[in-house]
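Shared between the two complexes below is subunit A, which has subunit B as its partner in the first and subunit C in the second.
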Partner chain A sequence: MSAFLERLREWQAAAVERLPPWWNRALAGALIVVGIVLPFFFPADSGFMNGTIIAVAYAVMSLGLNIVVGFAGLLDLGYVAFFALGAYSLGWLGSGFFFKLHIHVLVSPVAGTLQGVHLNFVLILIAAALICAAAGTVIGLPTLRLRGDYIAIVTLAFGEIIATLAVNGQSIPVGGGMTLTAGNLGISAVDAPYFPGIGSFSLLNLRPWYWLIFGILLLVLFVNLRLRDSRLGRAWVALREDEVAAVSMGIPLVKTKLLAYSVGAAFGGMAGAFFGTYYTEVNASQFAFGFSIFILAMVIIGGIGSIWGALVGGLVLGYINNYLIPDVLNDLPSHFGLHFQLTQVEFGIFGLLLVIMMLLRPQGLVPERRRKLELTAKITAEDAQLAEAPTGEVTVILPPGEEQA
Partner chain B sequence: MSAAEGPVPPAGPAPSALLAPAVLRAERVTKEFGGLRAVDDVSVDLPEHSIVSLIGPNGAGKTTLFNMLTGLYRPTQGRIVLGDRDITRSRPDVITGYGVARTFQNIRLFGGMTAVENVMIGHHARMRAGLFGSIFRPPRVRREERATRERARELLAYVGLSRTVFDRLAAQLSYGDQRRVELARALAAEPSVLLLDEPTAGMNPRESAELTAFMRRLRDEKQLTILLIEHDMKVVMGVSERVTVLDHGRKIAEGEPAVVRTDPRVIEAYLGKQD
Partner chain C sequence: METTTVSPPSLPAAPVRPLAAVRRYVGEWGLIAALAALPVYYGVHDLVYGYQVSVAGHPVIHHDLSNLGYDFAQGLSNGAIWALIAIGYTLVYGIIELINFAHGDVFMLGSFTAVGMWAVFGLSPGMGAAALIGYLLLTLVITMIVTGSLNVLIERVAYRPLRNAPKLAPLITAVGFSFILQNVGLLWRGGSPQSVPDLIGVQQTVFTVAGVPIQRGYILVFAVMIPLVFAVSWFINSTRSGRAMRATAQDPEAARLMGINVNATISLTFLLGGMLAGAAGLVYALYETNVWYFQGFKAGLIAFTAAVMGGIGNVRGAVLGGLIIGVIQALSDARLGPQWTEAVVFGYLIVIMVLRPRGLLGEETREAG
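Let's turn to the complex of A and B:
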């Protein structure tokens, strides 16, 4: 068996070597074309299209979180906060929620007559990215002196704070009888995206929605790829691998980490804004802690730090969650005489998937080159350093109390 | 009265007249960890284009002093001056930007990055590309990336790394090669002062001799000032213009290698007291 796998690997390597240098670009181009024409093969309002749209939006979030967790190595358990802030950006800037205001920018003729703030979806997208980038900086600041598990705790709390704020926002006045959020009632009747010449999107035809989120995905992918092979991307990896060495080589710790948080958050916000309009409401009940874990699971199953991994992880879990379980396999237990539906145990299924992944393929579906080495060759530079390094070598980074720990 | 006269002049013997003015100077620095004084009132200065060695038994405070010079530790007392700039409270990355680079006693390479990438990290402070430059890659950024990569390769060749392993991950390199990459990474920061923490650790005598010659070459070709922590007396005596000896956090001797070698306090620190 293993000999066979070895042969397969050799063949694969040989095949890759024979490919022309433009092969990568050609493949990328072909995939983009497939992505664009995909909706024509399915009914415009099918469950599959719905599942695809959500899966692609998940992939956007997964790619965003991958920058924080994968590139920079900062375990973020509160990513749902940016989903929430992005969705609220849409609720605030693209609905009649702030009913005392009358602001309209490049919106459909119908929305142009309504009260409230109505901005074009592209503007909302940019606003959501900026708001979340700022929020990402805010969440980043208290974690700068922390490492590993402690970062996770702080970010988790941040996610909970935002979620609680979303629920209780209906009691927070912002003037003129208006409130910050609509809590669990939800901000409803949000604007559908509108583009001059195309018109408003409708949930009866999901294709434009798909192309919109597919465009966002391409944008996010592009940014991810560019950042990975850049001065900033290298700095993130360096900080992840060895903070002390990285700062000693001239990498500014605060700025570099905060940039990771804010870029990752901006993508989460863009996906959040899209979900806000796609789900046609912004409801505080959407922003549960479990969602942070769900996005993290996408990154892990895909392969931490790997861009293609985050993409695949987001798509796979998105499809399982929004198409396979509810539309295809939901009645499976009843065929075995069991009285429950699969949607009732979906988190159990994801937990099981994660466990199976960790046992069979801990490096993820599409592992990153660096991580792959760490896991397979069993040489981890970090471990070697943990064993060797005198404890508490750094005061600037560790709080004073930990120096001699 | 004395406050008006400015900082207290550093204790210890006056620097030899042959030596140039100091580029990096620690003035009566002390570092306390809780009750422990790891470094106690130590002054060191590095004359321009010299090689100064820092020696002393294990736990003497040599690496702690290094960490203060590079900003990883903040001195409890005293100050650190680079040129005419007080860097006592500067961040490590800023100090690197001012031109102080270092290597580590236990090699601290980025194991998951290639040799070339490691060296490119060293050049970080000299690069300009920010977030949007990295995303949009205007010609300026492309040029900078290409130049940095080429320079990294040149430096790796300069420190004697074989071209065949340039793109291998640092964790997969041999010990000696890892030392070379770490040196190249420090050089990529274009320092004027280079701090080497036990660079010959784990080397055989021939390799140590080569490195000794290389350090002199570095000083002359790259116009560097080098501070060296070293245990190998052959290296210390062969290369340094001046030696500073620490023991239990205190400076117990300082001067030319030949003089320091015969200093009874130094012998005592290393061999113990003879009764």
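Let's turn to the complex of A and C:
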């Protein structure tokens, strides 16, 4: 098996060598084109389109969490807080929920006559990102002195507090007889996205929804890639690998960590706002701890710290959760004479996936190169070349076990 | 022999940190002040404004502390259950620095096992006292064995292979196992809380102290908790295996070099923690008279908060933390409304993390810096 994999890797290396230097750009372009034309191959209101839209939105969240957990190494178990805040941004700014107010900015003619706050979806998206970035900073503050598991616990506590606030928000007045949230009743009748010239989106035709979330995904992906190679991205990785060393090299600890929280939170908020309008309601029961773990599972199964891993993990788990389990495999247990449906135990399935993944392939589906090396302790010739000192002094790094006596 | 004293080279004066005294003071007393805030506030409130009770159908305003005492009694007995679970967290964290997220769900399965055994033995509230106590003790032993073995099994499958992996890895398998066990519970007893027979009449008042009725449930909880805590303390402090546990917690590598079987010691720790969680599960089922597959998740978070509050790795701290969290919960349930309790408990968790990450009785650790 391993010999076969070895040969496969050789083939891959040989193939990559022969490709022209612009091939990965061409591949990216081709993938984007495939992504854009994908909806034309499926009915506009099919279950598959629905699953795809949700999977892409999950991938956006997964990319956001990957910045916090993957790049900066801050284990965040309360990511659901940003889903909640993003969704509530939409509920507050794009529905009749604050019924005493009459604010309309660039909305459809129908929504323009309704009471409440109605902003254009793009404005709401920006507002959601800003609100979540601010919240991420606040949540990050108490964790600055802490490390590892303790950060996980504080973020979890914040996630649960925000979920509790969402449920009990019905009894928190904000003036004029209006309340903070609608609790488990949900803020319903939220606006569908509207763009002048295109009109309002309708749930009977899912294609515009898909293109919208696909556009958000491309934006988030682009920001992620640029951030990874930026000064900030390298500072995150340095903090993750060794906090003391990084700080002594002059990396500003507070600013770098808080930026990780706020950037990650902003992406979560954007996906949250999209979910709010796509599900047509913002209900407090959506914001459970399990959701945080679900997103974390995407990052881990994809490969912690790897952008492509987070993307793949989000899409794979999104499809499993929204297409494979409910639409395809739901009746599987009944074929074995068991009296339950697979959707009942979906979190158990994710738990099992997490355990198996950690035991068998801890580096994830599409591992980040640095972490892969850490976990498999193999240094390839290419990396040895990278490690060469630029002045011409050659540093030879030998694989473990081959040190010269 | 001549001795020469060398005066140390003069160092530049340390920068004067403003408010250093205030910082130290807050670090030392801040948490205690935060913990005392709720009971003191409500105690003063009761004394000054009084609270309403109905005596023979007439509302009467009382100005005393027995209402607060009732909350305390309620909270301490709840807290004793959390303490039993928190010891499991603290032992495991002390020895392998892992937040065992699955621990709360082991506790939940303990409740389910106990309730299942009652059905097998045919226990009912009308039985004779001697037979009932005998069967309950038997159930306690069986439950503790089941949950202890389950915990050891989880360690063997999910944590031991990852002993040398990055620290995130076992934490993630722990979360994974938590979900698996929750779904086992879900398939076993369905998705909604189920009431179980009130075998011992938990709400019956046995005697009254200063206007506070002491119910059977309180006595039950402490009758189980106190001997178990003493047994665990004795085991850790006075037996050879206990010493091995403490040595492994301090330095696994050095312990191994001294001839301690580290893996066996870690298994033993999980066995102890699991057994205590099983006992807590039985007591919970008796005391609350209902069981639910989700009970373990909430209980696990509360107990973990308790362990952190007491100082993680410290058994006495876990017990103290459990009792304190129980009282906070009871006060919040009675005064603010149960829907806010979770937020209050987690709010306290964050306050602990900010003011005193090492907890009330804990040592400084690498993690909590």
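The rule is short, and it goes like this: the second predicted complex is superposed on the first by the 377 of 405 C-alpha atoms of A that agree within 3 Å, B and C clash if a C-alpha of one lies under 4 Å from a C-alpha of the other, contacts with A are read in each partner's own complex, and residues count from 1 in each chain.
Rule of thumb we're sticking to: contacts are C-beta pairs under 8 Å (C-beta built on N, C-alpha and C of every residue); 3 or more make two chains touch, one makes a residue touch a chain.
From a predicted model like this one, the values you see are computed outputs, not experimental measurements.
J.: With both complexes overlaid on chain A, does A:327 touch subunit B (first), subunit C (second), both or neither?
T.: After superposition on chain A, A:327 lies in contact with neither partner.
J.: Give one of first, second, both or neither to describe whether A:157 is in contact with subunit B, with subunit C, with both, or with none.
T.: A:157 sits against subunit C, while subunit B stays out of touch.
J.: So, does A:263 touch the first partner subunit B, the second partner subunit C, both, or neither?
T.: In the superposed model, A:263 contacts subunit B only, not subunit C.
J.: Of the two partner chains, subunit B (first) and subunit C (second), which one does A:245 touch, if any: first, second, both, or neither?
T.: Touch status of A:245: first partner only.
J.: With the two structures laid over each other on chain A, which partner does A:253 touch: subunit B (first), subunit C (second), both, or neither?
T.: first
J.: Let me test your reading of the model: by the given contact rule, A:231 touches which partner, first (subunit B), second (subunit C), both or neither?
T.: In the superposition, A:231 touches subunit B alone.
J.: A:223 contacts which: subunit B (first), subunit C (second), both, neither?
T.: A:223 contacts subunit B only, not subunit C.
J.: Residue overlap on subunit A between the subunit B contact set and the subunit C contact set?
T.: Looking at subunit A, the two contact sets intersect at 374.
J.: Help me check something: in the complex, which residues belonging to subunit A touch subunit B?
T.: Residues 222-223, 226-227, 230-235, 237-238, 241-242, 244-253, 259, 263, 370-371, 373-374, 377, 379-382, 384-385, 388-390, 392-397, 403-404 of subunit A touch subunit B in their complex.
J.: What residues on subunit C touch subunit A, complex-wise?
T.: Those residues of subunit C that touch subunit A are 97-99, 157-158, 161-162, 165-173, 175-180, 182-184, 186-187, 191, 297, 301, 304, 308, 339-340, 342-343, 346-347, 349-350, 353-354, 357, 366-369.
J.: Which residues of subunit B touch subunit A once you look at their complex with the stated criterion?
T.: 33-34, 36, 63, 67, 70-74, 91-94, 96-97, 101-102, 104, 106, 108-113, 117, 120-122, 124-127, 129-131, 133-137, 141, 144-145, 169-172, 185-186, 189
J.: Flag every residue of subunit A that touches subunit C in the complex, lowest number first.
T.: Against subunit C, the touching part of subunit A is residues 75, 77, 142-143, 145-150, 152-154, 156-158, 160-161, 164-165, 167-168, 289-290, 293, 296, 300, 304, 340, 344-345, 347-348, 350-355, 358-359, 362, 374-375.
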